[in-house]
Every structure is written in structure tokens, then in C-alpha cells.
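In order of appearance the chains are A, B, C and D, and numbering begins at 1 in each one.
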Amino acid sequence: MQHTFRLVIDCPDQVGLVARVSQFLADHGGTIVEASHHTDLQTGRFFMRHEIGADSLRLNYDSFIEAFTPLANEFQMNWKLTDSRAKQRMALLASLESHCLVDLLHRWHTGELHCDIPVIIGNHPQMKQFADWYKVPFRWVDFKSLGKEQAFSQIETLLESYNIDLTVLARFMQILPDTLCQKLQGKAINIHHSFLPSFAGARPYQQAYDRGVKLIGATCHYVTKDLDEGPIIEQSVKRISHSDSAADMVRKGKDCEVNALAHGVRNHLEDRVIIHRNKTVVFA
Amino acid sequence: MQHTFRLVIDCPDQVGLVARVSQFLADHGGTIVEASHHTDLQTGRFFMRHEIGADSLRLNYDSFIEAFTPLANEFQMNWKLTDSRAKQRMALLASLESHCLVDLLHRWHTGELHCDIPVIIGNHPQMKQFADWYKVPFRWVDFKSLGKEQAFSQIETLLESYNIDLTVLARFMQILPDTLCQKLQGKAINIHHSFLPSFAGARPYQQAYDRGVKLIGATCHYVTKDLDEGPIIEQSVKRISHSDSAADMVRKGKDCEVNALAHGVRNHLEDRVIIHRNKTVVFA
Amino acid sequence: MQHTFRLVIDCPDQVGLVARVSQFLADHGGTIVEASHHTDLQTGRFFMRHEIGADSLRLNYDSFIEAFTPLANEFQMNWKLTDSRAKQRMALLASLESHCLVDLLHRWHTGELHCDIPVIIGNHPQMKQFADWYKVPFRWVDFKSLGKEQAFSQIETLLESYNIDLTVLARFMQILPDTLCQKLQGKAINIHHSFLPSFAGARPYQQAYDRGVKLIGATCHYVTKDLDEGPIIEQSVKRISHSDSAADMVRKGKDCEVNALAHGVRNHLEDRVIIHRNKTVVFA
Amino acid sequence: MQHTFRLVIDCPDQVGLVARVSQFLADHGGTIVEASHHTDLQTGRFFMRHEIGADSLRLNYDSFIEAFTPLANEFQMNWKLTDSRAKQRMALLASLESHCLVDLLHRWHTGELHCDIPVIIGNHPQMKQFADWYKVPFRWVDFKSLGKEQAFSQIETLLESYNIDLTVLARFMQILPDTLCQKLQGKAINIHHSFLPSFAGARPYQQAYDRGVKLIGATCHYVTKDLDEGPIIEQSVKRISHSDSAADMVRKGKDCEVNALAHGVRNHLEDRVIIHRNKTVVFA
């Protein structure tokens, strides 16, 4: 994997903006491995992601930050620079279903997902076996005996103590309290097992079965306090027919969940997703 | 196209049912070109469609009906026998958008849709040009001057006078009154430009744009008095991204609409769709 | 999971065939959970699969076989009866890539794949770690020191000693000798990482990259001595673009491989696949 | 539709290139409606497409060309500037199948394809009826009486006399002679009815049926003298099963052909396709 810096920007659109950023990069010798632009014509907001060959630059990470800051301020940018070698710390929250958890662990194990996984948290103890295989610490937070409030307080403490950058709800069947949603804004990803906004809420496959749809799906989105309303990162669907029972749909839907979550997480980890109001720009 | 009879049955499931129907067909020499079965395990209802080589049978249409009736009564069947040579009479209702209308007309013209189209009805006059090309009578029902009630009464009269078997709303932008929905039950097909139940109601592409979904789609369903709630026959979806404006989504969605409607109508015309409560069995 | 018997038949088509089979089932009280028929109109061959509620039958497995044999002989059937509770014994052959192997193991572990996995065989030792996690015996056959002929002879012995019913090549990067292909006919499944017949042979992703296709895919097929020419069970594809390098295509293609192989294997294990000459009938 | 200029460039990659182009645009007040970049890391070639608000620019078309030429020369660019209001002149070549022809005509008629269609050329007279409906001159080139050489010479003359920019073979069942392929390089688009490179050559659906694939498809590509080997612009596939006859596959495949061709042509007309050796960059 080539060593790169990723410069991700969003700001009000303006003539000359791209020129100034490109000139900055050129002035410091930066070769552009990948560049993506988008202007939201409705809101006049501009989005840009550059992946720059780190070895080509005559700046290191810190001096880049310092040198770029005046330009960023001039154009009122939200921006960040990330080093492709730096790994985000990702926590996985799981319950009783293993398919999403195991898929993410395997992709991480083979290097497809570039991150650290310092902890897996379960509201049931069953997922410990998979955590052990992959040598990831497993923490069981016993919702039953602790009660919901206490349990989430414990999770919050765990996320802090492990310095977690990204929290992934891999079919975690508990609704996060508003305060935690607020705190993890833009840093927590959930997989919902329907093609939202269809079948929000509980038991989406049963809802889909009852409605008689010909497609089922899954939605990977950021967690917000409005349940199942967060910015969508990725969706995946699959055809079904009258011959599929609700149980068949659960089984078939798992492939959608696994795919949507894996791609959503990967794009987030590579700084390809920018949240804009209740939507996302995904430079995939 | 081979000349066949289509025997379509739904009834309570029972041991020996398939044997009796199959024996009936064998006794009269019938070769089975295609056979499809389905049991709804929740409701215990059985569905069956046979396509039988007409030339192999020692029964004509009328004598088949007569001979089969006692068996049908014994098993409390809803059933029908259709002759593949008999063409259903299909009316097309349209407004200002031509893509679904022209697609159906072309498939009919080339023989892909096996039916007659004795009339096209518009609530605007613009679609007359396409009707003329395909030499189909066009009737403009002027909703503005007639008012909604009078206009629909006129449409109802037209459907009756043309002996219409199937009414297709090819992006017809008027909501049918309850009484007409009731009357056309199982005989009127609509195309909704979203993957229902997402974005029911008006302006689905704008809704989809505002919600930031990563898929758009279309749903072909039977018309019922509960708007956008009718049994779904077919759905089609397409990936979109942040770079698609609401206008792009309208454009891209048309392909979904055209596909879902064409396949739904085709399956209906070939007696492949059976309505069961608020869902469909589709022997595609 | 309901206890069923699966009756799978292929034979020359004949009037009265379905009636006789259905009558046989009805005479012994059998409720039909699922029934699928197909007639190949070109060759006049008939294919049928019934899934019959075992508890409803007044026959056990052995007496069913005995009672059905005369009918089967009369109609010159290739046929089999399987008990849904009986598990096939599946061997997995792997090399260095873990994605297909781990996916199958996880689906087996969660009960989605109903079979036993008595052994995993590797031509490299690396996959042992996953075998250990799932507590499946791992046998390393060292192709380098043994030589190809000796190595395959050892594999053949292993398959025999473990009484293997189905051999799955989960990205096993060795070409089976003709005699072994012959012996495993209809009982060995491979995953090829292209949408065959495109890019048969070695390095299909590089071939796809060089040709500039806009789709990549994978093909699950039975192993035959004509390499990459065996009957296809399942295919899966994915869109790519100019921005995907050959390495990206490898990564993205893995999801196709995993899906196509998992579905092919599942359909085989549920006796849903019938081989007819160089093709398959799949009652999915 | 917003009035834009499209600046399309390919050249050797170089640090500072984007900065210089962006600065040029900024210097003349250009707002960037859409920008796409791609670097082919294997060949070191850079591709760029800008869509620039024409009203924002202080240059008209001619003065832009003049002002930009020195920069273009400095960086050894292949480049073009097109005016979104200027319509390419597209000729359609057809034989006996109408589905692709009629689809393109309808998309053109409704404004989805922004071009002129000054002529339709047929090697059979049957497509004249559709040409007449859309009021496009139809020219029948009688291959039978003229012979192939004479006939193609006549087609060449027609393309010249109508000042054709883009020639689309909408299921035109004649192989263009090498000299004409050469002459129309990058300006002639064909639709092949298979997912190339599978089933190149004649009767692809029959080939697909005989091979027993589970997917059929279509490929939109530039015409080159090596038949079915031209740079691929777009591919589309569809699932099929054992129950589909070769005739069913022909019918179902038409939807793939229509889609792949329509999108390929649209992308070409919007200057979104750049040919690079035997492949394409498509900024869709």
C-alpha cells in the first residue's frame, strides 16, 4: 500500500478554490494519486478529497498542517489531513448474531480493513469465542443485571478508555441513548436490516414479508438520536419471491447486511465519506 | 408460440390435490409445458399454474371447463383456464410522461406483449401522437373542464365500452376513486416511482433526494383504494450517488419504471400472477 | 427445520408421469412442502424435485425406496431420495486465500450450511489456523516435496478415508488430474474467479483489467477434466470502473467469489442441482 | 439545462498540471459545475474532464481555445473543448430489430439524448416506419443488390454528406470493412449482445444457452477492425435460469442491450468517455 496523505475538505464553493489547493500541493511537490470533487448545487457547498503521495511531498504531516492552515482559514474550510499509515481504532459492538462481526474481523485480519480493533463489546457473552480467535479483547456488558443506563455508561467508559475513533454496531440490538449518539456523532456506524426508509424500526424482515415486497436489503448509516434516520452511507438489496418465508428472508438478508456494512466501514476508514446535513458524500 | 391452455388454481392445500389435477390432465392426454406450485405455509393455501400443450389435449376449451368443474368444486378452487391464443384487451392510461407508454406500445408492437390495445386514454392530449403512430384510438378525457368525478365516470364508461380486461396506469397522474378501484380489483396495474413502501405518495424522487438514499427504484403493483398499498408484482432498483441531483434521479429512475412495469404487465398477461390477500404469487 | 424427504428425479418426459408420482405420494399420505418441475424441450428430458413432510408419510426412508423403485424403473428414472436430517460430508480444499474457506466455515458453524465438515486439506499449511478455530481436522498435503502425482494420490486417499460426499475447491490453486475429476464427477465444486466463459485459465482479474471490462465476477461450477468447462451452478458479478486497478478488482471480486460459492454449495447440499449434460437445472 | 463548456484532457501526468488548469479557469472566472480526474498509474497518463459554467467565463468558445492552447501545448495534451449547446450529429444504422433503434429515438425525442439525428440507414427497408414517425430521413442501402463493397461505400458517402459526428450501430448486422473502421475510429459505437469477451462472434444467445451460463448480458463498445475487441464503454447483465430457452434469452437480453447502448451513447455525447489504448475512462 502506497504511503499517502488524505486531504479532505468541505467549504463554501468559490471560484479559485481548486486552483489554490492544487497550487499548494504542487508548490510542495505533491503527486496526486486520487482526486475527487463534488459541488452540492442546492446548498453551494464544495467537497474535495485528495490522496497525495507522501514521499513526493516536501512536507511531513505536521508541517503540512501548519502550512495549509492559513489557506483553510481563508476559505472557511472544514478539513482534515490523515496519514494512510495511521490506523483508526475501531470498536465493534455485537449481540447474538455473528455474521457482520465475523465478516469485519476477517476483512481486518486479511488487511482489507486498515485499522486497529482494540475491543469487542457484547451485551451478551456469546461473541467472545470469535473475539478470542482473532485475539481481540472481549468485554461483556451485562445489560440484564446492570440496567440500560448503567450498561451504556459502562460502554461509554470503555470506548473512552480504549481511545476509540470509530464505533461499529455490528447488529447490536440495543438503542443508544441520545447523549451517547450526540457524543459519537459522525463516529458511530450502524447496519439496519432493511432498505431504509422502508421498514424502519423493529423486525424489518417480518415487515417486509407482511408487505410482500420483491426486494429486501440493508442500510449502513451513521448513528443519530433519531433512530434509523442517520445519514446513509451504503445500501444493498437482493431479489426475493413469494417462495421465501420470513426466515428465508432473514438468511438471505444477511448477505446484504454484511456487504453494506463492510463497504460503509471501509469507506469511512479511508476518509471517503463526508457528512453534509442528513446525507453523505461518498468518494468511493 | 406454442398453443397452450393455462390452468391457474388457488385453493386450500390438501393431500392428493396435485395427484388429482395431474391425473386429470394425463387422462385427457395433456402434455405439461410448464408447471409451478407454491404452498403458503402460513395460511395453508396452495397455488398452481400449468401450461398445457393444447394440441395434446383431447378436450377443447369448453369441454375442459365442463370436465374440470366437478374436481374444482370438490377442492373449493378459485381457478381459471385461459387459452394462450386469446388476447386480453388492455387499456393504457397516461398523462404527460411518455416513457412507460411508448415502451409498452413497442413491446406490444413487436409481439413481446401478447394482448390487444383497443384504446389509450389521456388526461392530457399530448400522448395522442404516440397513439397515432401505433394506430391505437386515443381518447382525451379533459379533467380540467369536466371535473374529477365526471372525468372518471367517462373513463369508466370507456373501459366498459371497449370491453377492457386490464387497465394499466402508465404514469397516469390521477388517483382513481374508490369505487373504480373496487370495480377494477385485480385488473388494474400501476407503476409507482419508488421502491415501496419507501416514498409512497407524491414526488418520490424528491423525497429520495432529500433522504439521501443510495438506491432509487420503482414498484409495479395492483391498484387498490389504499393508495400505494396494493399487492406488489415487481420492483426494480438502481444505484445512485451524491452526485445525482433530483433531476438526475428522475431521469435514471425512468429505466426502473419501464422495466418494472413491462415485466409486471407481461406476467399478468401470461396469467403468472395470483393475488393472495395483500401479496402476490408470481410464477415468473 | 422441518424434517423432509427430498425426491429428485430426471427421466424422459412422458404424459402421466407427474400424475403417477403425485399419486404415489398421496397414497402414502405425503404432504408436499415444495415441488419444482422442469422439462427441457430440446432434449425431452424431465426434471422434478419434491420436498415431502417426513412426518406425514406412512413410509420410512427404506420402505419409500422399496415402494418407489418399481415406478422409477417403469419410467427409466435417474432418481434419489435424501433425508433432510442426513448430513453430507463435505471436504474443503484450500491454498493461501482464506475468504471462501472462512465464509463456508462460518455458514456451516451457524447452521446455514447443513453438512458435516470432517476435514480441510491444504496444499500449504497456512489455513490450519482457521481449521483449528472451527475444530476441523486440517491435513497439509505438501505438493512441493511430494510432487503433484503423489500429492493428489494422497488427497484421493484422504477423501476416501473420510467418506467424503462433496469436495469443495475453495480457491484451491491446483488443477485436479483427469482421473480424480472423473472419480469426483458431480461431487466436486470449484469457484473460478471470472464470469466464465470469459477469462478462463490463469489470472482472470489481470485478464479482465487488461481487457477493460466494466464487470467482474465469479463462477461456481462442477469440476470436470476440461478445465473451467464444467456445468455452471451459479454466477455473480459486480460493476467496476476505470479507477479500479487489478488489485482493486481482486479485492472486489472476492465478494463475488464468496457469494457464488456459498450459494452453489448450499443448493448442492439441499439437492437442488441436477446435472444435465454440460449444464445444470437449479431448483433454487 | 445549464449552458457549459466541457474541457476534456488527457496527457502525461505531471506535478502542477491540475493547479495550472484550475488557475487558468479561475483566472477567467470559470465556475466548475463538475470535475473528474483519473491517473492511470500503470501508464502514467492523466485524464481530466471539467464542466464549466459558460456564463461565468469571461471567454467565449473561440477565445477560450486561443487562450488555452499554449498551456495545452506545454503539457502535450490531447484535448478538446465542447459547448454543451452544440449538438453532435448522430447517424443510426439498423437492420431488422427495432428495440435499440426505437429506444434511442425516444430518448432523443424527449431530450434525454442531446444530439441531432439527421439520418437513419438500414440494410433492410423495415425500419423506415419508425424513422417516419420520428421524422428522420431513412436511407435504405440494399446490400443484396449492391454487394457488400458497394453498399459500404454508399454508407460512407452518406455519413460524409450528412456530416456525421457519431455513428451508432443499433443492432446493425453487418461487419464494417477495415477501412471504414479506421476512418470512424472513436466515432462509431456498437452494441454486442453478450457480456464480452464471452460469446464474441455470431449468435451469442445460442452460445450462452449451450454453455449453460446463469447470466446473459450486452456490451457497448467502440468499433474497431478487430471484431468485438473494441474499447468497452458499458456492460449490462441479467440473471437467467435453466427454465429460459434460447428464445427467452433473446427476449430478456434485449433489455440489457437497450440499457447498455443508451448509457454508452449518452456518456459519449456528453464527452464523458476517453479512449486510452484498448480501454475507456468513463467519467459517468
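Here, a contact is a pair of C-beta atoms (placed from the backbone, for glycine too) under 8 Å apart; a residue touches a chain by one contact, two chains touch by 3 or more.
Just so we're clear, the structure is a prediction, and the values are computed from it rather than from any experiment.
Just to note, of B-C and B-D, the chains joined by more C-beta pairs in contact are B-C.
Greatest Cα centroid separation from chain C: this falls to D.
A repeat of the C-D interface exists among A-D, A-B or A-C. It is A-B, with more than half of its contact pairs matching by residue number.
Chain B and chain D have Cα centroids separated by 35 Å. In chain B, 34, 41, 243 are the positions where the chain touches two or more neighbouring chains simultaneously.
Of all residues in chain C, those touching chain B in their complex are 13, 15-16, 18-19, 22-23, 25-26, 29-37, 39, 41, 56. Put simply, chain A touches chain B in their complex at residues 38, 40-42, 195-199, 211-215, 217, 231-235, 237, 241-243, 245, 278-282, 284.
Note for the complex: chain B touches chain D at residues 34, 98-99, 102, 106, 110, 112, 133, 243, 251, 255, 259.
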